[in-house]
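When the chains are written out, they are named A, B and C in that same order, and each has its own residue count from 1.
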Amino acid sequence: MENRPLEYDYTVAKMFMFTTVALGIVGMLIGVILAFQLAFPELNLVLGEGLAEYTNYSRLRPLHTDAVIFGFTLSGIWATWYYVGQRVLKVSMAESKFLMFIGKLHFALYLVGVVAVVASLFLGITTSKEYAEFEWPIDIAIVVVWVLFGVSIFGLIGIRREKSLYISVWYYIASFLGIAMLYLFNNMEIPTMLGANAAGESGFGNWWHSVSMYAGTNDALVEWWYGHNAVAFGFTVPIVAMIYYFLPKESGQAIYSYKLSLLSFWGLMFVYLWAGGHHLLYSTVPDWMQTMGSVFSVILILPSWGSAINMLLTMKGEWQQVAASPLIKFMVLGSTFYMFSTLEGPIQAIKSVNAIAHFTDWIVGHVHDGTLGWVGFMIMAALYHMAPRVFKREIYSKSLMVTQFWIQTLGVVLYFTSMWIAGITQGMMWRAHDEFGNLAYSFIDTVTVLHPYYTIRGVGGLLYLVGFLMFAYNIYKTMSARPVEESELQNASPMGA
Amino acid sequence: MNKLYLGGIIFTALMLLFTYMSVSGSEGGLNGDIVNMLAVAGAVALVIITVFVVTKYVRQMQTDTADGQLADEKWDGIGEYLNDLPMGWAILFFALIVWGMWYFVMGYPVNAYSQIGEYNEDSAAHNTKFETQYASITGDKLVEMGESVFLAECKVCHGINADGIDGKAANLNKRVEAKSVKHVVINGSNNKLLGMEMPMPDRNGLVNGATGAAITDAEIDAVSTFVANGMKGAGADVFANVCAACHGADGKGMDSVAPSIATFNPTLVANVLTHGKKGAIGEMPKFDRLNAKQKEAVGAYITNLSK
Amino acid sequence: MFHWLEKHPFFFAVGIFVTIAFAGLVEILPNFAQASRPVIGTTPYSTLELTGRHVYIKNSCNACHSQLVRPFKSETDRYGHYSLSGEYAYDRPFLWGSKRTGPDLMRVGNYRTTDWHENHMKNPASVVPGSIMPAYKWMFTNKADVETAYAEQLTVAQFFSVPYNKEVPMKDGSTKVVKMGASIAEANELALAEAKVIAANMKDQDVKDAVAKGEIPEIVALIAYMNSLK
């Protein structure tokens, strides 16, 4: 018994792989629609005047952000957890009926949550807080889903055979704890059904409506403490967990340095939380908090780069693999974009630079070189690595993967360069005074100049979406192909399954 | 030359070109604005540092080989070297932590920075600079300045050509439209057009000096067309008998009695900007945030339009 | 020590939690007590204004519009006085936004008017050529939800002592009382009274008719909110 390789059970991983792909398509399609709506406002009426209430830019924008964050990215995180977790802890989900049940329940409730979120955002039921739009009934569902994720993590850890936790597991744990804390505190709200008047009437109005526990500046402070760290524990920490597993695994290389892993991890944990103030520069929060946000943002470059450098150095001497394998290309370029956005962020966090960048498309550019180039690339790479092992079939087409890689890379580059120009242009135009000391431009002048850049961004986004559809097709063909014996797998990594 | 370096250089050059494009795209360019300069410096630094560092590591992928002592553990077959920290990284990390502590404990408090203080200094400098310039602006230059204010502040309501966008706001190319005159004569007006509380009576208070009776519907229509026509055509008699007492025989108004309804003048416009205006077309907000010179300038511009 | 932690998941997790929770406390707590005090002249939202604020949120106007004037000469020239913390004392949630696809609206009530908003919301590009803002035509027919706003007024008065029906000091030394209904019927009446003032300055006959009938279209509430932003 002991000598037979473990039979890992990927049932739950497969389920989340499915939602990763499906919600990725939905979220990015909406992103492309948004991008073109800003270039061509007639597209607010894509489905006609009658449905404009539901298809206009402002109704769709939260759907985009939430679909890609809570749909695509979270599903990706969970798909990889239910795959990586078993393997690095050396224990199979099949060994515990309880954990299997929790895993399936986790997925089922998640689906319910997705439906509730989509319906509520289409109807305009939102609290307006970015990345925390949901009203309290959905908050409760999300907390339950999150707790199930926690049970699954610690349950699996509890029955592990590998005593020492692998680096990826550190990051998954951090992700779980971070989001749990942030989400709870940012969503403290009082349902308005609790309000009662002297006439004894109560419970009227929309039952789901609530009012934030915090007001004004304090509300902003809590929201961006959350928002910034949602990026940390949603777009950074769990994605780093992925690369620490999939890159060495796929390439067969050992991690470059334990010490670097260690310092980067604890450095990131310590520094990240302090940097949230950079979303509130020049606002009404006290100067010292803003300064703290700026200072810690700059320090944050190093722990962020630490992980990226560790990954790049893991590939030392392995250029032939980078050249040959599209999968490794995704991961190496992903690390590069990670470095790019974690240098861009701190630069934008310097007060004087933020004076230009804040409120402009330069921030949107920063967001997407991170999410498209890093988060998107890593999640797709992870699924590509998992697919042959989970479905026990060859990847359908490697050349399709290569084409996809170049199309998407072009897409990301078009996206962030156009937003870079748009943001700096607009930021400077807002500030400009003419020779008489009057404002040089009315607001609309600073909007119409952006038209070409908005168009280019739309094209870049469309390329990325096309690449993603190629990815979906590739995965679909892989899973529906004729099963092969594991030993026949040609795309299997050097270390075997 | 190595393909990698070439690629790096091309990429850097492209990004610098894009940065240059954005700066020149804003027409004003850097504008001597320190904030603009820092932002551009940040963008340039970002590109150069990333390209430099990534090139360095890609070089190592191409030429170096992996080695070092392996740790005992393996996770799902993944090993781990016990290599030391990359020196540059470690030193920078340490240095930044020290800098951060220094900045927060010493640099920042000693500087006693306050963003509102900074704002006050900036606007004081801006104001002194332009107050000296304003003082000497007159004539065509003043009209030009007025146009710039108009295009930044007013065109969203009055339109680029000041034509009022199909009646959504006042057409400023002519003094007043028949619809507005009629509205004022019927309902009176109390918009502080003279800069002070001085209402015009409604139709019950407007008496035809010739007949001694209150103004009639027919007379209102006639006089409205007359005024809107630039004080020409039929209705001159009504104007002379009812309105001239206050607005003057030529409609150019009288100090402290009634405003000009034949032409615009800078004072009238300034009063509209100070108090706002509500009439037949809609409501015009007041513009507190414009200074006196700006109001004078835009007044000159508008007066010029209908000449 | 770290090797030990890596073998003891519980302590490992505690270690992470302490490391990350610490920063939050330092960052958030000190500001809590002081920043919620209103500056003089800041009043709670009236029933109709709050209803309009909900329309604003429902349609995510904050996706494109900020409500935060930063202390730069170029912004105070464009939008008016820079924002003060106490001005947001009754803002739950805050609506600062993080993207200015459209202009800041913190003080838009000072320099735009009812009839302009009416034209603009119906078709932005017809007033501002080249505008990329969507048209919000359905707001002219959708009915505003006054009851939810009223429930919120009651909630904030009860839980956060927002001073409804109390004297609030104004800048000129006078005081002002923002009324809140004692019953749903009264709340509806108060909102309707406000709506009539707005509708009188509007051109759309259907809207005027609706208000005359005692109904409040969303646009009327939204404009009441826009006008209150000063």
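Here is the rule we go by: a residue touches a chain if its C-beta (ideal position, glycine included) is under 8 Å from a C-beta of that chain, and two chains touch if they have at least 3 such contacts.
Predicted, not measured: the structure shown is a model, and the values here were computed from it.
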### Task
Name the graph shape formed by the protein chains and their touching pairs; answer line, ring, star, complete or other.
complete
### Query
Centre-to-centre on C-alpha atoms, which chain is most distant from chain B?
A
### Between B-C and A-C, the pair joined by more C-beta contacts
A-C
### Task
Starting from the mean Cα coordinates of chain A and chain B, work out the distance between those two points in Å.
37
### Message
Counting only Cα atoms for the centres, state how far chain A is from chain C in Å.
### Response
29
### Task
Take the average of all CA coordinates in chain B, do the same for chain C, and state the distance between these two points in whole angstrom.
23
### Task
Scan chain C for residues touching two or more other chains and write them down.
71-73, 77, 128-129
### Where chain B touches two or more other chains at once, by residue number
115, 126, 156
### Task
Would you pick out the residues of chain A that each touch at least 2 other chains?
164, 282, 292, 355, 431-433, 438-439, 443-444
### Message
If we count contacts the way the header does, which residues on chain C are in touch with chain B in the complex?
### Response
71-73, 76-77, 80, 82, 110-116, 119, 126-129, 201, 203
### Query
Touching chain A in the complex: which residues of chain B?
14-15, 18-19, 21-23, 25-28, 30-31, 33-36, 38-40, 42-43, 45-46, 49-50, 53-54, 57-58, 60-66, 68, 70-71, 73, 75-86, 89-90, 92-93, 96-97, 100, 103-104, 108, 113-115, 126, 129-130, 133-134, 137, 144-145, 148-149, 151-153, 155-156, 294, 297
### Task
Within their complex, state which residues of chain C touch chain A.
2-3, 6-7, 9, 12-13, 16-17, 19-24, 26-28, 30-32, 35-36, 57-64, 66, 68, 70-75, 77-78, 83-103, 125, 128-138, 142, 145, 147-160, 181-184
### Task
Using the touch rule from the top, collect the residues of chain B that touch chain C in their complex.
115-116, 118-119, 122-123, 126, 156-157, 160, 165, 168-169, 281-289
### Task
Please give the residue numbers of chain A that touch chain C in the complex, ascending.
37-39, 41, 44, 49, 52-53, 56-59, 61-62, 124-130, 154, 157, 163-165, 170, 173-174, 177-178, 181, 185, 190, 192-199, 201-202, 204-206, 209, 211-212, 214-223, 225, 229, 262, 266, 269-270, 272-274, 276-277, 279, 282-286, 289, 292, 355, 358-360, 363-364, 430-433, 438-439, 443-444, 447-448
